[in-house]
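Here chain A shows up in two complexes: once beside chain B, once beside chain C.
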Partner chain A sequence: MLLANHPLPGKTIPGDTASRLSIRAAEDTARFSLRIDPAAVQAAGTAFGTPLPTRIGGMTATGGRSALQLGPDEWMLTAPVAESDGIADAFAALQEPHSLVDVGHREVGILVEGEAAALALRSAIAFDVEAMAVGSGCRTLFDKAQIVLVREDENRFRIVVWRSFADHVWGLLQAVSREIALGI
Partner chain B sequence: MLLIRCPYCEAERPEVEFTYAGEAHIARPADPSALSDDEWRDFLFIRTNPRGRHFERWRHMHGCGRFFNAVRDTVTDKFAMTYKAGEPRPSDEEIALAGSATSVGEARP
Partner chain C sequence: MSNFRIAGKGRVNRSRQVRFTFDGVDYTGYEGDTLASALLANGVHLVGRSFKYHRPRGILSAGSEEPNALVGTDRGNGRFEPNTRATVLEVFEGLKTESQNRWPSLTRDIGAVNDALYMLFSAGFYYKTFMWPKSFWDKVYEPVIRNAAGLGKAPTAPDPDVYASRFAHCDVLVVGGGAAGLAAALEAGRSGASVILCDEQSEIGGSLLSEPAAEINGQLAWDWLEDANAALAGMPNVTVLPRTTAIGYYHQNFIGLCQRLTDHLRIVPEGAPRERMWKVRAKQVVLAQGAIEKPLVFAGNDRPGVMLAGAARTYLNRYGVKVGNRVVVVTSHDSAWHAAFDLAKAGVEVAAIVDVRGTVPTQLAAAADALRIRTLIGWTVTGTRGRLRVSSVRVNPVGAGGKVGSAETIACDALLMSGGWTPSIHLFSHTQGSLTWNEDGQMFLPGRGKEDCCLAGAGKGRFGLKAAFEDGAAAGAAAAADAGFGVEPPAYHVEGELSFTGVTGRELPTDRDLGHAKAFVDFQNDVMAKDIRLAVREGFKSIEHIKRYTTTGMATDQGKTSNINGLAVASDALKRPIPAVGLTTFRPPYTPTSFGTFAGYNKGALFEVTRKTPIDGWAEENGAVFEPVSLWRRARYFPQGGEDMHAAVARECKAVRSSLGIFDASTLGKIEIVGPDAAEFMNRMYTNAWTKLAPGRCRYGLLLGEDGFIRDDGVIGRLAHDRFHVTTTTGGAARVLNMMEDYLQTEWPDLKVWLTSTTEQWSVIALNGPNARKLIEPFVEGIDLSDGAFPHMAMATGKICGVPTRLFRVSFTGELGFEINVPARYGRAVWEKLFEAGQRFGITPYGTETMHVLRAEKGYIIVGQDTDGTLTPDDAGLSWAIGKTKPDFVGKRSLSRPDMLAADRKQLVGLLTADPKTVLEEGAQIVLDPNQPVPMEMVGHVTSSYWSAELGRSIALAAIQGGRSLQGRTVHVPMPDKVHSATITGMVFVDPENTRLSA
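And now, the complex of A and B:
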């Protein structure tokens, strides 16, 4: 990751108490955008080392690698940074027609944790965040910025956003966490 | 906020994620050079613009990114049903059935 242009390294928004709401920049990960015929999803899963989900919004994860299906033929793959080259090589050997693009530098992650996490996100996301299943994710809008939202746990969400939008998202989260801290 | 059902995501999503993409079921002429100027004009610009039921294209821009078709009432703004791109225009019975089975697209305060 090119840290010179990273808007949020090491930043946190503590909220009132950590258990209620804590927002921080997520550690760097490798991210890939994979486009492939859904019929070849099994071969792609073998190359990635983790079977890919077959339902939009579905997510699979093993050993630090995870795959999230965003569209009928589109997946977002994440892995530890050190495994990035290995994944690119594995897909280069895949015989099925596909496109694998490294988007790790394009996006940054924000972790929103705590009991009030859904409440904080609800301020800028138009759909029912509370109804989202744990272990699922989707692309959506946060205010006007396109994000990928993943519900990792009952009270833990991950926002993946383009770095140029990250300041905007961060500013909104800062404002809303102040309101939550004050009990407004 | 309108909720629109994306037939690919199989979920109701907020209207802000979608973009409108004009009338549906307008097939591009197989041999464009054989068309007269009037026919070409009709293909490009002339739309039904109905008062009531309208078949239209939408795109789940900030979601799965797919184009799909919807049946919407232009007076009440109610979505009767949505279906995948490439599927034939649904019949009246199918639309009535879809409309009674769910309250998709119900306007919410």
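And now, the complex of A and C:
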């Protein structure tokens, strides 16, 4: 296999000495955009091997696979890279009309972790990040870039952003982490 | 150097001296000083020259309302800022400041001649003096006036500082950290609500900082303040932001706060932001912005040393600075008496208190007597003297019926004035909340609001500390309750209240000619009372017109100290009550705010998103010259060995036509259209017929708007009966997806089809040239590339270099071409592998400029360059792309409108210049007869024009009225050098038989 090329300039922003904030590029994952009539969500969950959430913003996860509902008929499915072909095959056999599109290379993940994680995100996200429920996600804007934001834990967020916008998001996070490290 | 600091007074840190300069002179102040307090402590009142008349000006106020004391500050390395208010600028070690609007020096200023010529600069002088001759407008008047008038000088170097921004959500936002704001924040904080308290000053406390003698609930004010600050700091639900100005109040309780982070620091940490814009969404807002003291309007009221009485009190009590050694107070309001008392108690000689009212509260008169201060009740001030600092004041008694008696002159080095207080309703005004006129207090008060906000304290006319505390506490509790948190506001007990009665009026009575009195209303814009009267005499009736004609209230201070005085004068001149004259509208920002704060992080590399393809790094390493295409940056050409663009493009074109070129086409928009109704959806969106397109085949697709004009195009491949791979133009990708979603969701929700953007899923490598197949054949698995099995406009999935690919046989050059889609992360590696293997064919990377030439040689259009939103498919020669038997598609109906079928519509054609070496200008107009009189009839314009290395001559495309029927006709193209002639031809210049496509 050829060498994969990632867009992010460095791989981590170490943050300050008190480790209130650390930012790093996430590991690659398999990623699909699934569009299907919500009435067929059960069949889709069976194909995916993990039941799909039925509330917008909701997430489910089992055995390394996770599903995030982004819209009335839209889910983002993620899984370990090696499972990509298997997922495509499983959905190919699904009888219900749907669209499964591989977007594994379209986006990159950025993990923002630490006590100051929400504070860092507040620099560029307009909605109330602090009030976001753990285990939920949404599509939103980070400065001028469209992202999907997932709150994986109280102090861990994942940004999923289109490749060519990743530099911009990363550069902004670098600026923000500087002011947080300085305590300003 | 004189020392005006009083021992034992004030809050500045006497153990920390701070050295700074003003106009090159070294001064010393203390930590906690503003530039104004530090200069006053050194006996400096003269700090600048005025806007229009270059009159010497001093320090009027002690807060952000300051109209006069504007200075330039230099923080080094290009950090120059004009018009900084000395009254809010905190001094720090090494601060450099300078006065403005003077030359050669502050004390000897040539521009002061304007003051003697003041009759020329009356109201509306812009409109009167400079009407003619017209030729003088931009050559003489504009530059001369810009030079003579104006405030400060703009910095010339780029701002080296960085700026930050932050969103915040809270239950209660309290604006203003004085008595009312503190009480509100304490109650809201105790309730458990999330609270943000902001105040523009360096210290929280507002007027409490100037009231050390007051007692609150048995504690001295500053002890109470310390406890209150500690209580707030102990509440994790409360954020306190000093040095933070609420600059604007927008819809749905969205408030902008500008926080000054590092300007006051002697050593700024590397990379620390200078200012931060907070964008706060609050459930409830409490506005506790206090009140601003009004000057009195009398001749010579702008002389250095004349200042607001409340400001003098603040300089004394907060900064420990006396503003003079012999002071006179002139007032129409009780509060100024307290300034006189405090100064007298501090050992300053108070020569007189002049009160224009006929009677004053007896306890004030008694207190003045006890301090042996002379009081002149029912007197007026009619003038001041002193060149660069007030030296005396002229006072006169006012008899029954308003008759002004004979004058007496009192020597003084400071004159303190008070015309009462104006509630600061600016932010409330931003919300479009209504204002009501309060006749008793002679002030506008907040009326009905449009947002979830309330006002408290002096900001809504509730003067005095007890009123402010209790009003603030009630407002804080109510706001918290509205946000879902309950709390009972306490009562406050206050000793040592100031007295707050007074009257407001127009100019003070005088025995002199009002028409010559230099009695200033707006200090910053140099507007005098007589200017407003002149405007009224000249027919201006609305305050909005008077404002613009006289410029009163139009300076950077937005008339904080002048609006009500201006209104009172206008009201008197118009003989109409103040509410009938009206108030001008306040606009954000509340105080001047740096551009940097608005820009936030978006400067330098973060100014705008720069999208780069996975192959961009290779292009950069190989010397590409880039150009922006929408948000993308794309390689334009790859110069070698000092080539210019012309030479590089000629070489790249030649390489493609003769052997092999490689091009990064990753920016092409890509949309995956999937579902059982995919073909039906395609039929409805695009002009072409899709039903019969077999999987594994491609078709050129043309997209129109509802109006029938070309919007976008691209090659579309059918992957399966229910799956299409659509490509769009680079710039059109987002627009096309939005348009498709719009139709799908609003017009055809019944269709079972879904759209997914895959632009960035795929890296796209375009290989063009007769050797393209030979290069990729060894690397491709699972696809038979022979011309029979994989002809022009075929597509297939397989592998290349071991990674999955969607391989298209398409051409935008007229040569044998392939577009290799690989998952984005592998784009660069595949590119490098092919580039290495292509060396035996002399593989040549080419950029967008070469791509443009190659496609123009073949007559392939670029949407947005050759089309301009007014071309139909037929105009562009693309009628063949319309599925004639389809029942409908977007734009179909518009195509049959009569004017869309007219014979003289502009049509795309080719142009060959008579002189083959002439490359026409793109956008140049075209005429049929160059000898017509001007204006000539223009029949079209050049849309694309290039040098064709292949043909050894220039080529062009043009949109010309009825162009296709004018083949062979000579047209003329006027250009700056001369009029060029050209012949109309077909659009295909190279290989019209398309033999190369199937090489």
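By definition in this document, the second predicted complex is superposed on the first by the 174 of 184 C-alpha atoms of A that agree within 3 Å, B and C clash if a C-alpha of one lies under 4 Å from a C-alpha of the other, contacts with A are read in each partner's own complex, and residues count from 1 in each chain.
FYI, a residue touches a chain if its C-beta (ideal position, glycine included) is under 8 Å from a C-beta of that chain, and two chains touch if they have at least 3 such contacts.
The structure presented is a predicted model; accordingly, all values stated were derived computationally and were not measured.
In the superposed model, A:G57 lies in contact with chain B only, and not with chain C. When both complexes are overlaid on chain A, the residue A:A126 reaches chain B and chain C alike. By the touch criterion defined above, A:N155 lies against neither chain B nor chain C after alignment on the C-alpha atoms of chain A. With both structures placed on the common chain, the touch criterion links A:P72 to chain B but leaves chain C unconnected. In the superposed three-chain model, the partner touching more residues of chain A is C, compared with the other of chain B and chain C. In the superposed model, A:L141 lies in contact with chain B only, and not with chain C.
In the superposition on chain A, A:S84 makes contact with neither chain B nor chain C. Common to the chain B and chain C contact sets on chain A are residues 126-127. Chain B makes touch with chain A in their complex at residues 1, 8-17, 62-66.
Contact residues of chain A toward chain B in the complex are 56-57, 70-72, 74, 126-127, 138-141, 146. Of all residues in chain A, those touching chain C in their complex are 1-7, 28, 33, 35, 73, 97-107, 119, 122-131, 143-145, 162-165, 167-168, 171-172, 175-176, 178-179, 182, 184. Note for the complex: chain C touches chain A at residues 162, 164-169, 261-262, 269, 271-273, 279, 281, 601-602, 605-606, 608-614, 617, 631-632, 672, 674-676, 752-754, 756-762, 801-803, 823-830, 833.
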